[in-house]
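Common to both upcoming complexes is chain A, partnered first by chain B, then by chain C.
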Partner chain A sequence: MELEFQQLLPAIAGMTWQDLVMIAIGLILIYLAIAKEYEPTLLLPIGFGAILVNIPFTSAITQIDPATGEMVEGVLDTFFKAGIATEIFPLLIFIAIGAMIDFSPLFRNPSLLLFGAAAQFGIFMTMIFASLLGYDLREAASIGIIGAADGPTSIVVATRFAPNLLGPISVAAYSYMALVPIIQPPVIRLLTSKKERQIRMTSAGNYNMKISKTSLILFPIVVTIVAGIIAPSSLPLIGFLMFGNLIRECGVLNKLSLAAQNELASLVTILLGITIASTMTSDRFVRLDTLLIIALGLFAFVFDTFGGVIFAKFMNLFRKDGNKINPMIGACGISAFPMSARVIHQMGQKEDPYNYLLMPAISANVGGQIGSVIVGGIILTLVPLFA
Partner chain B sequence: MIKLKRNILFVVAILSLSLTACGKKIKNPQLVINEVMTVNESNYMDEFGQRNAWIEIYNNTAATKNVGGMFLTTDKNNPKMYAIPLGDVLTQIKPHQHRLFWADNEPFHGTFHTNFKIDPTRETYIALYDVDGKTLLDEITIPAGMEADRTYGYEIDGVKYDNSGNILAKVLDRATPSSNNQVVGENPKIVSLKETDQEGLMLTITSMLVVFVGLILLFLIFNTIGNTASKMSKKRTDKKSDPKNVEISSDSSITGDEIAAISAAIHELMDDQHDVEPSVLTIQQIQRNYSPWSSKTQTLRRNPRR
Partner chain C sequence: MESSVLDKALQIAGLGIVGVFVFMAVFYLIILGLDKIFPYEKQKSLGKSNAIGDNADNDTED
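Take a look at the complex of A and B:
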């Protein structure tokens, strides 16, 4: 009788508690995406994919056919090999992101670009911490890159250095990006006084300055060349981002620009989310490691915020009264765009309703996007030398 | 201005100091006679299946060098002993690459076969002269009585002198014709870093520095482009608002009433242009075949309301 049951409903018979945990995680991710609107474009496909791959004997991923003993390749594994292992999906997303970014706020206040470097501090702190916890340097770097707050960069680095950790790293990266409004404010409040949070930045930049079309066209080309000279390994990342931006700014490819912003972004996002979920099988995910990686991801975000705020305070030591930077702006140096800038603007308004920090915050946030991509490239270059 | 001068003087002083410091160190030649085998019994064979003495020349620069037209010799008094033929593309040695010459006295065997032989029983002087036959590019003296299949040259390719200016030529452990004299498997600096920096602290510092440098460079680019753009737009605005460029009518005979009348006429004219609309009215029925694909009621349901 028992044998018959196994033959009739092998999925139920083969279900383990780990599979059930993963299905529950999938449901939670779907709930968070729909009810709380936490990065729904990514968390919903990931959540659904987590259910899809954790039903025993699912053909969505590669399985050994119990009847014949032959390996049957699942569609999600095919997608993974074609899109993630080759880094095509994240790089296509970079084109879409590039087409969406307007770099003109940076022209109005270029000094805020430096926060894009300072707020990457968490990546490296987490990397060191993960190394001390026993992860090898490649895995530690992949965990640290969660702090870039940049999903595609995290996926590219994790695919290269720690494909076994891709699932938890992607989930952590996208979840924390959605949780920026919850993670950043307490850290900022801890590091700044009320007086500092009330600093107005009206003189920080010329926000009415008109940026010429030539400057905006030249920018992606120059950035690609400069970043390429400094870190050639970052070229696929920064190159695709800037290519997308050039399509946007050139003015003669509006149709392509719109296609990149809408159709390309939507299509690849659908495939990216559900394909990442193919790595979230219970045997890989239900482990102490996953919890540790998720905790380290939080650590990375906290130290990113710390690095940015402290750097702003450091810069203020050399600035005259009336020209000081609101230290909260430093926290926008992460890549979570425009979430981080919006959070800081709202925090500023809470302290002083007439303080408008949105423009400088956006500038720093755009700097964070460039910074995170450069860091991704540097990690791809340096870690193989050290590890 | 004084500050600028002081800065320039400082930079010049630093540059001259560093140049003086550099000047003390003897430079390695650009083309080095890198490795020589005088007795070839069971070593490298030429394209005719013969084993002879060989001379390896190494391009010590980052640019391709053409040795065509240069001279190889074993006699100090006859620098033009063997003229390396011109017009052979193979005489171009790529950066940090080697070219092998056979000292077999068979010049008709090809470009890389010299018209002299080496006598291993005697000390042998070998020199490479530039195309003028006068400028000595490099020289080496091979001791007499070299063992068979052993080579004489430099342990590290192209490194002829040590810091004190001593020549580093010696009998090498292994013969490496047309390849590196020292096989470098790992970079010693990276090996030591791996041992001393297992947690990646150095990696962190290096990476943060690189990111900062990169973003500072971008900041400078942004700043320059931004400033130039604003200056240019200001110039343009100034030019437009320049009183010289505005033509003011000196005809004061037009009264205010006349100006008002002209304005009204222009206004009316502009308004009139919109009287005829571009649409076409027709009573003919538009042919539109029914298809469930084009019927909205047959396709998607409405999006759920939140």
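Take a look at the complex of A and C:
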């Protein structure tokens, strides 16, 4: 029997240029993860998954069996339904993140918590801009949330409001988080003078202050109750984050805390990354929309930085000399922890080698971790009321 | 149609920015309250050090 080429190697015969573009994108993400170490825990599985789902007739995603004409569900679609559509994977990641967060820097300088609010400005600016570009409200909110600089929050919001855009939103969120050291410094330099960047924050907070264990245990419980009362929709996000933190701080679940920080985080991250890739098929990803979303993500990060820095300058209007805030600290109000704090500390030392901004920067950065989750909850609450 | 989406987006942005500041202000007050009610000194009798150090080097994957 003479077999045709198409029957022997259907994948090659069925390959389109769009599939090749997606495979190239997958390779680029793997390169960035390995060679540049840009968020390798997420970008590598996403990159590999992008290759996996763009080989024609791949059975990793749901396909119609050409022989029988029946629908055969692929394993990545099964993972998607079980882990992303139900929001289980991102929420499990929140437990892991909660177990990793140390809130004591916030107790040492609680006023810096406000930067965790100011640096969410980009989310709302981007949402407005996306709506101007013709996206509907749910899509615009999902695109705006890239500015949360918080992958799991972006995934939860996009899954709920714009599952069709989940792939590009996730890739943009994780890519820009890795690019914080490149995105933030030029924006900060544009908004601040050298003199402002040299402001020392020696009087800010008491960083030798010891925090009582009771306070650290009660904080996640009280925050969950208060957040739940104000915005019940925010509870899955803030509740899982705070649950992870309670496991960490309670002092009697050290084994669980370590498991959440290590095994749980690693396992769910592997599944999350490769499952997100199941949405990155060429027919959904190779579109003008994708480029636009990636551009809007950058816009969100730039305006987050803008919001934080300008808010710091605004606060300085009411502060006396010697008690001013270095406006660069405002940029740490994003959720990319501890990368943003490190970037700002290094920028400060570049301007003045004796300026030590790391501790206030970390306080603001921890505030950003809470702020991003709160904004996610606010958007989940408000958008259905208006849409 | 588009202008109504824009109007709604503006309203959500306004409420959202105010909302996140309100949340943070409440959390700020919670921290001040907890710190006042449960200062570190009163915890010393619990035994081993209660101070939790900074874990700034822990990348939190988010």
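Simple rule for what comes next: the second predicted complex is superposed on the first by the 384 of 387 C-alpha atoms of A that agree within 3 Å, B and C clash if a C-alpha of one lies under 4 Å from a C-alpha of the other, contacts with A are read in each partner's own complex, and residues count from 1 in each chain.
Note that a contact is a pair of C-beta atoms (placed from the backbone, for glycine too) under 8 Å apart; a residue touches a chain by one contact, two chains touch by 3 or more.
What you see is a predicted model, and the numbers here were worked out from it, not measured in a lab.
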Room on chain A for both chain B and chain C (clash or fit): clash
Which of chain B and chain C A:I128 touches, first, second, both or neither: both
Touched partner set for A:Q18, first chain B, second chain C, both or neither: neither
Which of chain B and chain C A:T78 touches, first, second, both or neither: neither
Partner chain(s) touched by A:T62 [first = chain B, second = chain C, both, neither]: neither
Contacts of A:G151 with chain B and chain C, given as first, second, both or neither: second
Comparison of chain B and chain C by chain A residues contacted: C
Among 63-71, 153-161 or 207-215 on chain B, the segment whose C-alpha atoms clash with chain C after superposition: 207-215
Residues of chain A that lie at the interface with chain B and also at the interface with chain C: 106-107, 110-111, 113-114, 116-117, 120-121, 124-125, 127-128, 131-132, 137, 140-141, 209-212, 214-215, 218-219, 222-223, 226-227, 230-231, 367, 370-371, 374-375, 378-379, 382-383, 386-387
Interfacial residue positions of chain A with respect to chain C in the complex: 41-42, 93, 96-97, 100-102, 104-107, 110-111, 113-114, 116-118, 120-121, 123-125, 127-128, 130-132, 134-137, 140-141, 149-153, 177, 209-216, 218-219, 222-223, 226-227, 230-231, 249, 261, 265, 269, 335-339, 341, 358-359, 362, 367, 369-372, 374-375, 378-379, 382-383, 386-387
Interface residues, chain C side, partner chain A - complex: 2, 5-6, 8-13, 15-17, 19-28, 30-32, 34-35, 37-40, 42-43, 46, 49-62
Chain B-facing residues of chain A, complex: 106-108, 110-111, 113-114, 116-117, 120-121, 124-125, 127-128, 131-132, 137, 140-141, 206, 209-212, 214-215, 218-219, 222-223, 226-227, 230-231, 367, 370-371, 374-375, 378-379, 382-383, 385-387
In the complex with chain A, residue positions of chain B that touch it: 190, 193-194, 197-204, 206-208, 210-219, 221-223, 225-226, 228-230, 232-233
